[in-house]
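Chain lettering (A, B, C and D) follows the sequence in which the chains are written, and residue indices restart at 1 in each chain.
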Amino acid sequence: MVSRNYLMNIDCELCTGCRRCAEVCPLNAIEGEQDAPQFINSERCVLCGQCVQICSAYASAFDESLTPRAIKLRERGMLETVKEPLFAAYNVGHALQVKEALASSELYKVVQCAPAVRVSLAEEFGFPYGSLTPGKMAAALRRLGFDRVYDTNFGADLTIMEEGNELVKRITEGKDLPMFTSCCPAWVNYAEQEYPELLHHLSSCKSPQQMSGVIFKTYGAKIDTMDPAKILSAAIMPCTCKQFECTREEMADSGYRDVDVVLTTRELAQLIKDKGIDFANLPDEAFDLPLGNYSGAGAIFGTTGGVMEAALRTCYELITKEKAPRIELNFVRSGEGIKTAMVRAGELELRVAVVSGLKNAAKILEDVKAGRCQYHFIEVMTCPGGCINGGGQPKFLLPEYREEAVRSRKASIYEHDSRLKIRKSHENPDIQKLYEEFLGEPLGHQSHHLLHTEYVARKGQN
Amino acid sequence: MSGTLNSFVVANPNQCIGCKVCEIVCFAVHNKNNQVAMSVGTIAAPVIPRLYLVRGETFTMPIQCRHCEDAPCANSCRIGAIKQEDKRIVIDENDCIGCKTCLLACPFGAIDLLPQFKDGEAVIQANLKEESEFGLEEKVKTIAYKCDLCQDHGEPACVTACPQQALTLVIPAEEKKRRNRQAAVNLLSALN
Amino acid sequence: MSNSIPEIENADLLLIFGYNGADSHPIVARRIIKAKEKGAKIIVVDPRITESVRIADLWLPLKGGTNMALVNACGNVLINEALYHKEYVGKYVEGLEDYKTAVAKYTPEYAEAITGVKADDIRKAMRDYAGAKNAMILYGMGVCQFSQAVDVVRGLASLVLLTGNLGRANVGIGPVRGQNNVQGTCDMGTLPDVFPGYQAVTDAKARRKFEKAWGVKLSGRIGYKLTEIPHLVLQEDKVKAYYIMGEDPVQSDPNAGEVREVLDKMELVIVQDIFMNKTALHADVILPATSWGEHEGVYSSADRGFQRFKKAVEPKGDCKPDWQIICEIATAMGYEMKYEDTEEIWDEMRGLCPSFAGASYKRLDELGSIQWPCPTEEHTGTPYLYEGNKFSTPNGKGQLFACDWRPPLERVDEEFPLSLSTVREVGHYSVRTMTGNCRALQQLADEPGYVQLSVEDAEELHIRDQELISISSRRGSVMARALVTERVKKGATYMTYQWWIGACNELTSDHVDPITKTPEFKYCAVKVERIKDQAGAEQHVRDEYAKLRKQMGVNV
Amino acid sequence: MNSFVVAAPNKCIGCRTCEVACVVAHSSENIFTSTKREIEFNPRLSVVKTAAVSAPIQCRHCEDAPCANACSEGCIVNKEGVIYINQRTCIGCKTCILACPFGAIEMAASYEGGEKKQQAGLKCDDGGKLCFKEKMVANKCDLCLGREGGPACMEVCPTDALRIVNSDVIAGAMREKRRRSVIIRDYSYL
């Protein structure tokens, strides 16, 4: 198991000891005296990257006493051409690794982008907050040299198929309820670390990233008649924990590393600038089919309550076998830390909860431990507001800029969903084709082998 | 105290935690022409703040220009690049020739001499070259930077951005009135 | 000087009266600056803005020729505000009552009318002076070169006595003597009234001692003073011959025209010097002597410090050290005078002067410098005089002195509306024969020399800076270059005396101080006129200068 | 940042020794023993005396040297932190003199082997006689580049009024001044 602490660090040369990171850290994993350099307790840190987002202790380009910038860039796995200022709290990047891979002709480079990336990437090029630019993103990825531009949103639809069915199965069997979502890797780390006894409540589904990854190297390889060994599976995520997730041992059900490397939204922007691509004037291009096609449900995974809403759109029809009367479930769209609701599906009263920000999870987990929790399905997102506010997202200079950005990104995602023709995961034709040709049926043997995983208690292990 | 005195921003060392948000924000607000938008990724030029965090054993706080009424920097500027404009001491960055005199003149160390950037690129001098072993190399223009009280953005950005509200815009005339009143009130309680 | 130069930087207050350290002694000026850095308060009395004025805490800009009024006013303040040191004055000083009456009239307001210095500033100066722990007075030619000079010196000394600033380190009163070794010439008795060691010629006991040592009968009468010669020659025809050694009276004495007349009238003029100069042009005999680098000897610094100096280069040309020339002249005149070396002369002199006895060459080499009095070879010299506050007066007590102010003898009027005072200029020195012929120093300042003019006067006379102008007095007229400066006040002009063409001593008056007969260089009346034909004037200066150089055989 | 020599006005006594030292440091032969009629005496700093101040003024080696940026011939370059005039290519057009706000540049006769250099073509008619005009070039402080012991003027100043200001001195001074400007007292009532 790769130790996690190499991914998240605080540069003691730059840290001024202001401890603003300590305030936002959901795990209080940042220790140190006030005004003295802080350091990250890797046994507690779940790699959510909120500290990286808030840290303002930058390295002045004119302070000769500091280690030269070139060395710091290499330390942080960043491209030399990156011009933005470096801050004390940082996540180790892999842009160099991806750049080399893109340059090599033997590899067959496949990429997937998370739902939250397409509403934030443009901000790194000076676009207004939350600009929705999936077309330019796909065009940029092709110009970077990716052979296949697929999409995590396809994986999201796939996750809904599996997780939706898993929920219905648990409810009908009345076992292991409430069920928690499992797509947020930091939340999984947290559960493994702090509440190992509740691990069986977590959905056994892998995250959309890992599902897409395993499909690319199996089904994808087949339809492209490509030797999976030569496939390089990269993912662009708004998250600093996804890179850790793809290195988990168990994430190799395709016989190879399902996802070889993960870049954050910021790193993708840096790669684009490094290549000299004029992002603003790129034409809109589509994602490659079939594994780049996605529904509105997949698209809204990026924001808090999105997974819940997508799941309910499908579960309703699984349970009642009738079309859901309303697509938009507004109760999950407000901004509070914990939102609860009761959805009537046929005669079943589905009680659901949505947790935004890991700090809000503790209360519900205690209820579950004590058996007092009456919810069936609970969505947990570590970052307040969901992945659109992830650790790898464009970092803002001013606190109010950040709130404004999260609001606009959320609006853009729901706007994007409302515009798509297909808005339920199970109506995604390519998903249906995947099951017919390859997976069989949800929770089936093939799905179980490729799309599901187990969790391991790891109290203070890494 | 006449109302025409210059205001200035001052930090309270007990509130300040040394997080440098003020420095970053000051740079961002002054570099819109360098395509610096809201996010860190859009910053192409090195961060050049106009206030400077000072950290010692027992204190930490930013130091910036006090917009002195008899500004020593302006009086020492041989080409008159430093002027008073609507109650602010402002440096005309295009006139500045980097002669460093104002650096010596300022008792607070509130002025720094750093490269000039336009549209994200360092400004190159028209003619001065630097003799090096590879022949004559272009020379970046270096100019004096100091706080201009956010001349064209209204309220000083550092004051609003400071997470600890450690920075305050002092308006001398009002400040005096406020303190006088406070002193009078204290007097009241002291006497009876 | 009562105290020594290094002590200047440790004084708490420096009262600088008519002395411009920066131009006459940069090394002393350095001490003044160090004193300021160490926190000393600086008060400067000077009509001009000198370098010391620039860093002064208090400047008393008095009108030229009004020193005595100001000194009396200072005494007046010390008395009336009871600032003087009662216990010190009671024990070591006498003449307080007469002093009180003499200065009674000179209230600061009365002095303000004469000197132009604000009354409050006089009071402030004296409060600071009296209040300082260790205060030192420095004065220079701005005090001595007036017709009322001795009185002012004694007046200043009275201020020191009144405040007890004597008999310990970092205090006292110091005339920072002008040229190099001026102090030494007085120590060695080249004055009309004393033998070496300040032993009076009129003192029979001292005279017998010298007669026994030199084996010759010595006169007990006080000799003639330099500035009395013109009268003695032109009016009384009493003096026939002139033996001039290392002096250039035509250049450095006032009323040069008259000095030339005197030299031409005399039957014999001998000039013993190292370079040709204006006086040598009138000499019958010229005895070329060796310069400072070509012989060895002993100098006295302004603070009574004997220091040996050694020969650096072999003399060039047909010249001899001064003492050999004197020996040969004396022998030729029938007095067998022979010495092996300078040490023999020095030891003979030490034997006759009790206060120099301990300063042997050996001791001088060991200690580097000995400040006399130094009675025995064990003694290491006296950095400051009057230890124990014992003074060289009959009863050992300090004598206070004050008298009425006397204006300078020549007043400005409509015809000669500006005052002229001679000053020093850094970079050139003495009578120019040495520095004037040095190519590098010529570049800094060259003939015809400068007249410092105030901005106002220059405007009135339509004179531009660096223009040649003509300046004249009742005694003569010369051409010089205008130096328009903010440092000079309206109505005053200043010239340095070493220039051959712009020779200000053609203009200076030959009024003298009654006691010392020092000429009143610091005040005479002149007028300044613009020269229209500048090119012609420049050419004239070049021609005059070339002519003089040719006459003197100077091929620089 | 370029270094430069600056005088502390309250220490300068206007004695001009720095001017002579500057000439000595830059002249190929000893000006005191030379027997030539005219010696090369081009001090690169000049002592100014006003009512309020006495101080030598010399080049500040500005980072964006206006003189260099005005020099059409490109004779003025930044050489090892010194704004340096290449007097061989200078044509004496005097633009740098206009550009320098400190008046730190003067025109000086150019010497070679102790003799004044004559121009090859230009003659001047002064008073009927036609003779080759001497070559005049721009002259300013070069911080005694390459001189062992650094600037000669600093070495001789009797009152240590001249001191060199380099980036360390400036950085040190800045740090010190900022540290001293910290307000220790509690300002909570602000």
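As a working rule, a contact is a pair of C-beta atoms (placed from the backbone, for glycine too) under 8 Å apart; a residue touches a chain by one contact, two chains touch by 3 or more.
Treat the numbers as computed from the prediction; the structure is a model and nothing was measured.
*Asks:* Treat each pair of touching chains as one step and give the shortest count from chain A to chain C.
*Replies:* Steps on the shortest route: 3.
*Asks:* Between A-B and C-D, name the chain pair that shares the greater number of C-beta pairs in contact.
*Replies:* Here the pair linked by more C-beta pairs in contact is A-B.
*Asks:* With chain centres defined as mean CA positions, report which chain is farthest from chain A.
*Replies:* Centroid comparison gives C as the farthest chain from chain A.
*Asks:* Please compute the C-alpha centroid of chain B, do the same for chain C, then give the distance between them in whole Å.
*Replies:* Whole-Å distance between the two chain centres: 57.
*Asks:* Per the centroid of Cα atoms for each chain, what is the distance between chain A and chain D, given in Å?
*Replies:* So the centre of chain A lies 64 Å away from the centre of chain D.
*Asks:* Suppose each chain is reduced to the average of its Cα coordinates; what separation in Å results between chain A and chain B?
*Replies:* 41
*Asks:* Centre to centre, by mean C-alpha position, how many angstrom separate chain C and chain D?
*Replies:* 37
*Asks:* Graph shape for the chains shown, where an edge means the two chains touch. Line, ring, star, complete, or other?
*Replies:* Basically the chains just string along in a line.
*Asks:* Quick one: which chain pairs are touching?
*Replies:* Every pair of chains in contact is listed here: A-B, B-D, C-D.
*Asks:* Going by the contact rule set out above, which residues of chain D touch chain B in the complex?
*Replies:* 1, 4, 6, 60, 62-66, 68-71, 74, 76-80, 83-84, 101-102, 165, 170, 173-179, 181-184, 186-190
*Asks:* Which residues of chain B touch chain A in their complex?
*Replies:* 17-21, 23-25, 28, 35, 37-47, 53, 55, 60, 114, 157, 161, 163
*Asks:* Where on chain A is chain B touching in the complex?
*Replies:* 16-20, 34-35, 56-58, 60-62, 83-85, 87, 123-126, 129, 266, 269-270, 394-399, 401, 404-405
*Asks:* Across the complex, what residues on chain B touch chain D?
*Replies:* Against chain D, chain B makes touches at 10-15, 52, 54, 56, 58-59, 61, 63, 78-79, 96-101, 103-104, 106-110, 112-113, 125-131, 136, 139, 141-143, 168, 170, 179, 182.
*Asks:* Residues of chain C touching chain D in their complex?
*Replies:* Where chain C meets chain D, its residues are 21-23, 26-27, 29-30, 33, 36, 49, 51, 54-55, 426-427, 438-441, 443-444, 485-487.
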